[in-house]
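Structure incoming, see below.
Think of it as A, B, C and D in the order they're written, each chain with its own count starting at 1.
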Amino acid sequence: MRVIVTENYEELGKVASQHLLGHLFSKQDRVNLAITAGTTPVEVYRYLIPEVKGKAYLSHAHFYNFDEIPYKESQREGITMSDLRELFFKPAAIPETSIHVLDGQNYQGQDQRIHQAGGLDGVLLGIGADGHYCGNLPGTTTIDDQTTKVICDDQMKARIGRHFEEAADVPDYYVTMGPKSIMAARHLILIANGKRKADIMRKFLEEEISLALPATILKLHPNLTVIMDREAASDLTKSDELGSN
Amino acid sequence: MRVIVTENYEELGKVASQHLLGHLFSKQDRVNLAITAGTTPVEVYRYLIPEVKGKAYLSHAHFYNFDEIPYKESQREGITMSDLRELFFKPAAIPETSIHVLDGQNYQGQDQRIHQAGGLDGVLLGIGADGHYCGNLPGTTTIDDQTTKVICDDQMKARIGRHFEEAADVPDYYVTMGPKSIMAARHLILIANGKRKADIMRKFLEEEISLALPATILKLHPNLTVIMDREAASDLTKSDELGSN
Amino acid sequence: MRVIVTENYEELGKVASQHLLGHLFSKQDRVNLAITAGTTPVEVYRYLIPEVKGKAYLSHAHFYNFDEIPYKESQREGITMSDLRELFFKPAAIPETSIHVLDGQNYQGQDQRIHQAGGLDGVLLGIGADGHYCGNLPGTTTIDDQTTKVICDDQMKARIGRHFEEAADVPDYYVTMGPKSIMAARHLILIANGKRKADIMRKFLEEEISLALPATILKLHPNLTVIMDREAASDLTKSDELGSN
Amino acid sequence: MRVIVTENYEELGKVASQHLLGHLFSKQDRVNLAITAGTTPVEVYRYLIPEVKGKAYLSHAHFYNFDEIPYKESQREGITMSDLRELFFKPAAIPETSIHVLDGQNYQGQDQRIHQAGGLDGVLLGIGADGHYCGNLPGTTTIDDQTTKVICDDQMKARIGRHFEEAADVPDYYVTMGPKSIMAARHLILIANGKRKADIMRKFLEEEISLALPATILKLHPNLTVIMDREAASDLTKSDELGSN
């Protein structure tokens, strides 16, 4: 595991982008990257967009969402893809042929599609304050899960509901790449910024691997890079976490 | 995970050796391989010995034991290293400078030494009928463990005792690279042969990841190759395990 | 450059095969190998055939010929492919979909086809007593040539003629992957055996790069492995060639 | 060869830096980069300096100069290293232990030192209007040269002389890594900017490999990336050079 602490969120965005660009510049073949939506990657995409937009030399980049909350009984694209389009795909003018949608209909073929495409070169992901990553929330997926459907209980539906304007749109389930799917990627890049993530980053780095904090399983990956800003690192008690081991 | 089923144990030995030789021929820099003692690798070493003995072009190969049962209050080398010397190091004339001993005294520095040497390019390991790998027996190490000392209860001491002629030599502990250490390697090569391993291979491939079967955690590694002969594969019920996914 | 000197031709065949198998076991994706026909690789294929025949786990291997002497005005497959089929493809039961034929009709698309397939992971090639490699004989191709047609003068036609029973079959040209095509591969494995090759191996290793000895340009490749037996190494005057530098 | 054309010099600096950072983020082990002095890389270093300065997570970066014009009979550091210190090492606060000086005294050990350090992961180099690269000017080094001393005739001394204030400081020779040394690197990144380089870039990309234009030999490298701005690309007549092949 390599731990990088940046001065601020701006540097985090730049360094995470440089990791992704590093993958893109490392070979001429297709590069497959699964990338996160949400608030954490905003600075990453802000930096990355002008670096990739309209660049013919980056036309071999292929992007995947790793989870999705679909609209109930609607053909609208789900929450994650809609967010990624606004955050990154549209501003970066990523061609549709380079965007590989995971949704509530096709999730069962996700791992096979990715395998046939050569596997994921990298996954850019965040970590929730509750230790979740992708859609692997505490109590949802098991460690054996590949891409799977998670049925939502009322509590989860309430949580998910905040993404939707219409109650009728709130789905009964969401889909996510599970622990096995994510661990199969060649490189994991976990990002966290801000005081709000300080506690979970302390737990992530200093406490035991536990199903209660799903992201902790990622510490077993042979090629995990953790990038956090000083604020997210501010609760750490052990300085030897910083660097690489 | 890539699953290779060989016709027989002889082919298993050859194919596993070819994987190790592949690592050795892939670069001129130092190659670090952690290798297993015991009965499973006998055919691997039988094949490998003439391939490496006296070959100047393989002088960049470095070997590590990943566990050790030391002699109690004795300077004698432990059970694992003694076995590896007989099985492989002596017949293959591996120079002492290419052999990196893990023992009861130096185990706390093992992960740091390996890290500074560039990390493990590969681990050749077997799986016990009880699902153990290296010295990670059910109920001994935790998922967070790097190289660690395992204190032996009476049951364990009885089990270990069979390696020793003198009761006074039986130690109170053994050391092993733990799950975190093994998962940090770039490539895991898990070998299993014979009817005796058919049941555990079925469980390993078809059942859930579980602390009760420690080796199952290795299914999360992004670069795991499983090599077994037809006998060890004879209990499998799902044919899609064969191949890669 | 890495120089490996084997005890005998049998070991050369085994070590060269192990290099090829190393490439095949290094990834699950398609592996592209361009391989030589002729007498030098006979022992390589003899060793390799049982290692690959019928192995489902090597179904991702793809093979290319790098030159071809076509039959004049005939639909018969050319000399090189016919030889490769007898030497290797048939005995190893390589599926037709894994054999990528270069011939007098399609040579202009060869480099593009290979590029789109991901590039060559390795080229197994020999060296002629006159310093030629593939169809890059002295005075034929230029250093800028990719896959190209070489028009044969009478002297060349006489030389080529010995491959054919009927004079009418002798072509006016042959095709070959040129220096630029071969240098584009990720790994070059040059093999030479026997006293007959001792002089050219001395020149290759000890003399200057020269168009008069076309293979010498390969010494500029960042990943060249030379495998020769003691007989082919018997004229070498400088011992520091042995090993790597 | 991969050809990247950037909108302007600023983008060239950024993209070239991203290539170097990609190497640095691709592994935790030591990364060896040989980098150019002079005017072409000014924008690269301008961009790179804040990215690397004071970053503990980039402490595994090691830098090499690939040529040097020494002060005659003086202990002063040569022209290249002095320039690199001003351009990059000092502003980026690169530790002295990460700077590997090539000079008039130690040049004979350069290739061995680099080999023992694991080889060059990348070389960032420019191209002269006369087609030179590093110190491989037309008529100086031969294609077989590794790191070598080039004796200067009067014309060369006049050319070199412009670097020096005192005539007495002008040396009789300079040292450079030769074609064999540069071609041994795993990745070559050739940069060119401005109208002044348009003619040589046209010749480099469109004309034959020739000793008269030493840099053209680099087109034989299996992993060459050419980065130039629109101005440097403005004389190109063939659009298919843009992209990769």
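Odds and ends about this structure:
Going forward, contacts are C-beta pairs under 8 Å (C-beta built on N, C-alpha and C of every residue); 3 or more make two chains touch, one makes a residue touch a chain.
This is a predicted model, so every value here is computed, not measured.
When the contact pairs of A-D are matched by residue number against A-B, C-D or B-C, more than half turn up again in B-C. Between subunit B and subunit C, two chains of identical sequence, the interface residue sets overlap for the most part, with shared numbers making up over half of the total. Seen from the C-alpha centroid of subunit A, the farthest chain centroid is that of C.
In terms of their C-alpha centroids, the spacing between subunit B and subunit C amounts to 38 Å. A straight line joining the Cα centres of subunit C and subunit D is 33 Å long. Listed for subunit B are residues 28, 244, each touching two or more other chains. Of all the residues in subunit A, the ones that touch subunit B in their complex are 111-112, 115, 142-144, 179-180, 183-186, 208-209, 217, 219-223, 244-245. Every residue of subunit D that touches subunit A in the complex is listed here, in rising order: 2, 4-5, 14, 18-19, 21-23, 25-26, 28, 51, 56-57, 225, 242-244.
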